[in-house]
Structure formats: C-alpha cells, structure tokens
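The structure is given below, and queries will be raised subsequently.
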Amino acid sequence: MLDYINIIVKSIFIENMIFAYFLGMCSYLAVSKSVKTASGLGAAVIFVLCVTVPVNYLLENYVLAEGALDWLDADYGLNGSETMDLSFLSFIMFIAVVASIVQLVEMIVEKFAPALYGALGIFLPLIAVNCSILGGALFMQERQYGSIGEATAFAFGSGIGWWIAIVALAAIREKIRYSNVPAPLRGLGITFIITGLMGIAFMAFLGIEL
Amino acid sequence: MAINKNSTGYTITFSVVLVCICGALLAFLATQLKPFQNANIANEKRQFILSAAGFASLDSLKKLQKSDIEKMFSESVTSNVYDFEGSPIQGEDAFLIDIVKEFKATKNEPKIRRYPVFTCVNESDTSYVIPMAGNGLWGPVWGFAALGSDQNTITGIVFDHKSETPGLGAKITDQSFVDMFTSTTKTVMKGDKYMGLKVVKGGLKEPNHEVDAIAGATITSNGVSAMLKSAFKPYMKAWDKIK
Amino acid sequence: MSAKKESLFSKKNMKLIKDPLNDSNPISIQVLGICSALAITIMLENAFVMSMSVLFVLIMANVIVSVIRNMIPDKIRIIVQLVIVATLVITVDQILKAFVYEVSKQLSVFVGLIITNCIIMGRLEAFALGNKVGPSFLDAIGNAFGYTWILLVVGLIREVFGSGSLTMFGLEGLIPESWMIENGGFYEHNGLMLLSPIALFLVAGVIWVQRAKNRKLIEEN
C-alpha cells in the first residue's frame, strides 16, 4: 500500500508532468484562461490517463517487450515466440490505443452520462494529441513498473498533478488580467514566465524523501 | 471514379492497406537496423568494462572507434560465469548476459541468477570486473566494479542509470562519486568475513567498506548500496575467500 | 495541368516559408509543439538532433498526407494521421538508436513524443489536408525551421551559461578556468540554466523581443 502512495505522491509533486517534463503544454497553455474549463480538461486528462496507462501496461508486458510473448510458447506451443522483440512497434501501438480509447470513452460517456459529456465532451478530442497521455504510456514503459497496480497509481498521480497545474495556472491568469503587464508580454509571454516560476516552486518538492 | 469515401467498406479497406504498409515498412526497418543497435549496446558495455579495469577513462574510450574497442577488449579480456555458490557454469558467454535483465528476471531469487565476471589483463596488472544491477528511484541502475589482483580491493568502478533525476540521482555517474571508491582503500572482505560495500549517510563507520551517499538522492543511493552489498559474494565463494 | 499553375517559388509560396520563421512562429505565436521542445534544450546537440528529427517527420508527414489527402476517409482522419506520424517517428527513433546512440539515450522518451508534438498534428490538420503537395512541403519546411531556431537559441544559451561548453562543436571549458570562483575569479556556472523552468523564461524572452518589434502580434490579454 505504501508503495502506491509513494508513487502517487511522487508523480503529483516531484515528477509533475507539467513542471518537470513540460508534457501537455499545448493544451495547458491554450485552455487555461478560466478555472472552470481548465478544471474540466484536467479531469478529462486524469480519466483518460487512468484508462490508457493500464491498457498500455498490459500491451507492453504481454505483447511488445522482448520475450513478452513467452505465453504464446507456453500455452500454445508457438516456438520462438520467447525471443520475439516487438518493442519497435510500441509508439504506434500506444498512440493507437490512446486514440481509440479516447474515441470509445467519448461515445460511452455521451451515451450513458450526458451530464459528464456536457462537462468533458469538448475536451476529449483534444486529449488524443495531448502529450501527457502518450508521455504517461512512454514513462510507464521506460520506468518498468512492477505491476499493473503501480502503473495505475502512476497514471492517477500524474493526472492529478496535471490537473493541479492547469487549475493553478488558470486561477493565476484570471487574476493577472487586472495587472499591468508590459504589452509585448501580455498573454503568452507572461504565461510562460508564470509557468516557469511555478516550476521552480515545485522543485522544492525534490527534497521530499520517499 | 465514383468511390464513396465515407462508406464503411472503403474505410476498412483503407485502414487495412495503411496498416499493412506501415507494418511492413517498420518490420523491415527494425530488422535491418537491429545489428547496428546491438553493436552500439555491446560497444558501450565494452567501454564500461575497459574503463572500470583502468585502461582509460570513459570519456577517452568514447572517442575511440568501435573496432578499436573491440580489438582492445578481445585482446585483454576473458570471462567466466559462476552460479550463486561460486561454482563455474560451463558453456555460457558472460558477455551476452544482460545484467539488468538478469537482475529483473531473478529479482527475488538471487540463487538462480548467473554471475559473470571479466578478467582484464592490462600489461602486468590483472583486474576482475564484476557487473551488477539494482533499482534506483525511477528505473534500473547498474555498474561495473573492478577488483585488483588481490581479488579484494576496488581499483575502479563505473555506474550508469536509465532515468535517475539529473543533478541528484544521476550524480552516481559523476567522477566525484566514483572517485570515492578509489581515493581511499575500499575492500569487500574484512579478513575472512564478507562485507561487500555500502553507501551510507552521516559518517562512515567502516571506512574500508563504505562511501558517502549523495545528498538528496536517498533512493538512488540506497539502490546502489543494496547492489554493492550483495554483488561480490558469489565471486568471493568462487575464489575461496569466504572460509 | 491548370493554366494558372504557379511556380513553386512564387511570392505566395515563399511566404509559406518565411511566415513561420517569425510572424506565425509555431512556438512563440501558434503555441504548438512546446511540450518536447523545452525539456531537451539543456545541450545544443540534443536540441539540434531533436529539431532535425522534427524537421524530417514534419516534412515527410506533410507530404504524405497531402498526397493521399483525397483518399483519407473523414471519419478516421485523425487516427490515419497519427499512424503515419507514428511510423515516421519510429523510423527516426530506430535510426537514432543505430547511429547516434549516446544522443538517443539522452532524448529517451522525447523522441516518441514527437508523435503528439502539436506542430505536426496542427500543420497536418490546418494545412496538408487541404493543400497540394508543393505548398505543403514548403509549409513544413517553414514551420520546422521556425521550431528549430527557437530550440537552437534556447539550447545555445542554456549550454553556454549552464555548463560552459558546446559539446556539439567539441568545445569544452568556454569559460577560462581563472574566471571561476574556486580559482579566485568572479564566475560561476549558472545552475539554474540546467533546470527545466529556465527554458520557459528564455522562450518568454524570445516572445517579448518578437512582439516588441512587431506590435501587431500583441495580445489583448
């Protein structure tokens, strides 16, 4: 249990998707003008991460990694499958999974939870090309989490971290409208600087011992 | 031509054709480039072993051609594989054992792990390079430690990692960390007793068997410590050091 | 062959190349492709390899999508684009691993993230899907270079001031040893330059300069 909490805390604060890796910056900058929409997008990211990372984890460990197809040999007697290495296909598989799950989720949510669709709907198509989702899958692959539970905990933590980041930025941007920012920096420029400062603030969490 | 671009049949045909083309292309590419990629990985491993054995610094080895490294390696390095109890395993190529994968595959069963060792002869000096692997904060860490001809004193060591935090855990590859193992005498045996090596915080109690941890990188340090503590034991059994 | 066929280097087409370098720069104006851009600019060499990878993928993807733009079914448009981009990115990744192993280790997952680099999807959607091959090619070049120069500027500043070297040109110790504080001088490498948030400040600086020179780009908050 403690392991999972560790992973969650770590991925929210220490290795925050936005402040440590700049993943999902495009939608982060574009959709952070008001807290309400930012929060909606953040929630959609959490949701999609929690669904896609475990699916990609299974794919990675039972199909793609070197020797992952071992079960074909054991269960069905397919010789040579234990040395097969399909890892070169991982990018394409991950993005295909992400894109199709996003599509699927959109359809399911629309059908069964119209209220939720009203809140998240417009953001879902944006998410297929949000770097943080694919980034989640790739970090999961690179860090080689030990179990699907750990991978899910990582996805959940990263999603929450992303949500916190975008909501915080949106709140700041709502206030900064009343400030007298130098004209050329207005909008994008000052947003970059704010994000940078927030990133430095988040670095303080690096000292946490887990 | 009147093909309905939005019909289901067309959509399916289109995606099947596209997937086949992309798949074939990638499979071809992957099989063609695999030898080059494997050569790079093997080359890096040779560089690590040679640098731990004190042939040259890692940076200067990196500037050499692959063929030179290979020549240097084949001229001066021989290898053995032992099991946990220190008996030699025949018919295994030590170089082909990927220590990180071996560690992962036998995570909780060190007894069935294979233990390779590389014997390097540099002019008249012999050193024994022992590969090891462990877990860092974000992913695997691994290293190659060289023992001198007494098969006890550390003469060189290199570490590498997959994804430790730059400026913190990633410091295990820094010269300042590596130098701590060789600037004063570090041995794995204390008389007849196996000690291994440890990375500790807050002062050394056994200065011959411990080095200082990296500030702010506790998990990485602990991972390195755990791997250094147990890595040498099978070899000490093999060399009859543990009575 | 239409009678009004224009040359590939007509004024209108040249604009496709020039605009993204400055007035509609993908990073500083269109806000595309920032994700992977900032994290890998710690060294000039990494920034260069990353830019070249993006250049290759963007040009190829734009051309391919433009060639088959009339064959792609609308319903699966996005996923078809993703598959094409992913194929190209895997190609780049495999080539990097085979020929510049050291760099590929440092770029790690960021090569994979070219797939979701918004510049590529953005240009495919906005341009290649509706335009002929020639203009799409030029549009790709323009945008890729718009991306490249910002990456290179940021990478250059970060490497020179952060670690005092330019490994890409084999230069090390650009700052004379006698300047360093430990040798009684006045200079210290700026550790902040090695941290990722600094990249945001540098890009903000670029934006500031750009908009101060061209005031019509200034946003109304």
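Residue numbering begins at 1 within each chain, and the chains themselves are lettered A, B and C in the order written.
One rule holds for everything that comes next: a contact is a pair of C-beta atoms (placed from the backbone, for glycine too) under 8 Å apart; a residue touches a chain by one contact, two chains touch by 3 or more.
Because the structure is a prediction, the values reported are computed rather than measured.
Looking at the partners of chain B and chain C together, the chains they share are A. A comparison of the A-B and A-C interfaces places the larger number of contacting C-beta pairs at A-C. One simple way to say how far apart two chains are is to compare their mean CA positions; for chain B and chain C this gives 34 Å.
If each chain is reduced to the centroid of its CA atoms, chain A and chain B end up 31 Å from each other. Centres computed as Cα averages put chain A at a distance of 22 Å from chain C. Along chain B, residues 22, 26, 29-30, 163 each make contact with two or more other chains.
Shown for chain A are the residues that touch two or more other chains, namely 88-89, 92, 142.
Among all residues of chain C, those that touch two or more other chains are 83, 86-87, 90, 94, 108, 195. Across the interface of their complex, chain C is touched by residues 19-26, 29-30, 88-92, 94-96, 99-100, 103, 125, 128-131, 133-135, 138-139, 141-142, 177, 181-190, 192-193, 195-200, 203 of chain A. Residue ranges of chain C in contact with chain A, taken from their complex: 28-29, 31-39, 78-79, 82-83, 86-87, 89-90, 93-94, 108-109, 112-113, 115-118, 121, 195-201, 203-204, 207-212, 215, 218-221. Within the complex, the chain C residues that touch chain B are 42, 71-76, 80, 83-84, 86-87, 90-91, 94-95, 97-99, 101-102, 108, 191, 194-195.
By the touch criterion stated above, chain B contacts chain A in their complex at residues 22-23, 26, 29-30, 104, 138-140, 162-163, 165, 168, 216, 218-219. Chain B meets chain C in the complex at residues 5-6, 10-11, 14-15, 18-19, 22, 25-26, 29-30, 33, 36-37, 40-41, 43-44, 62, 163, 166-167.
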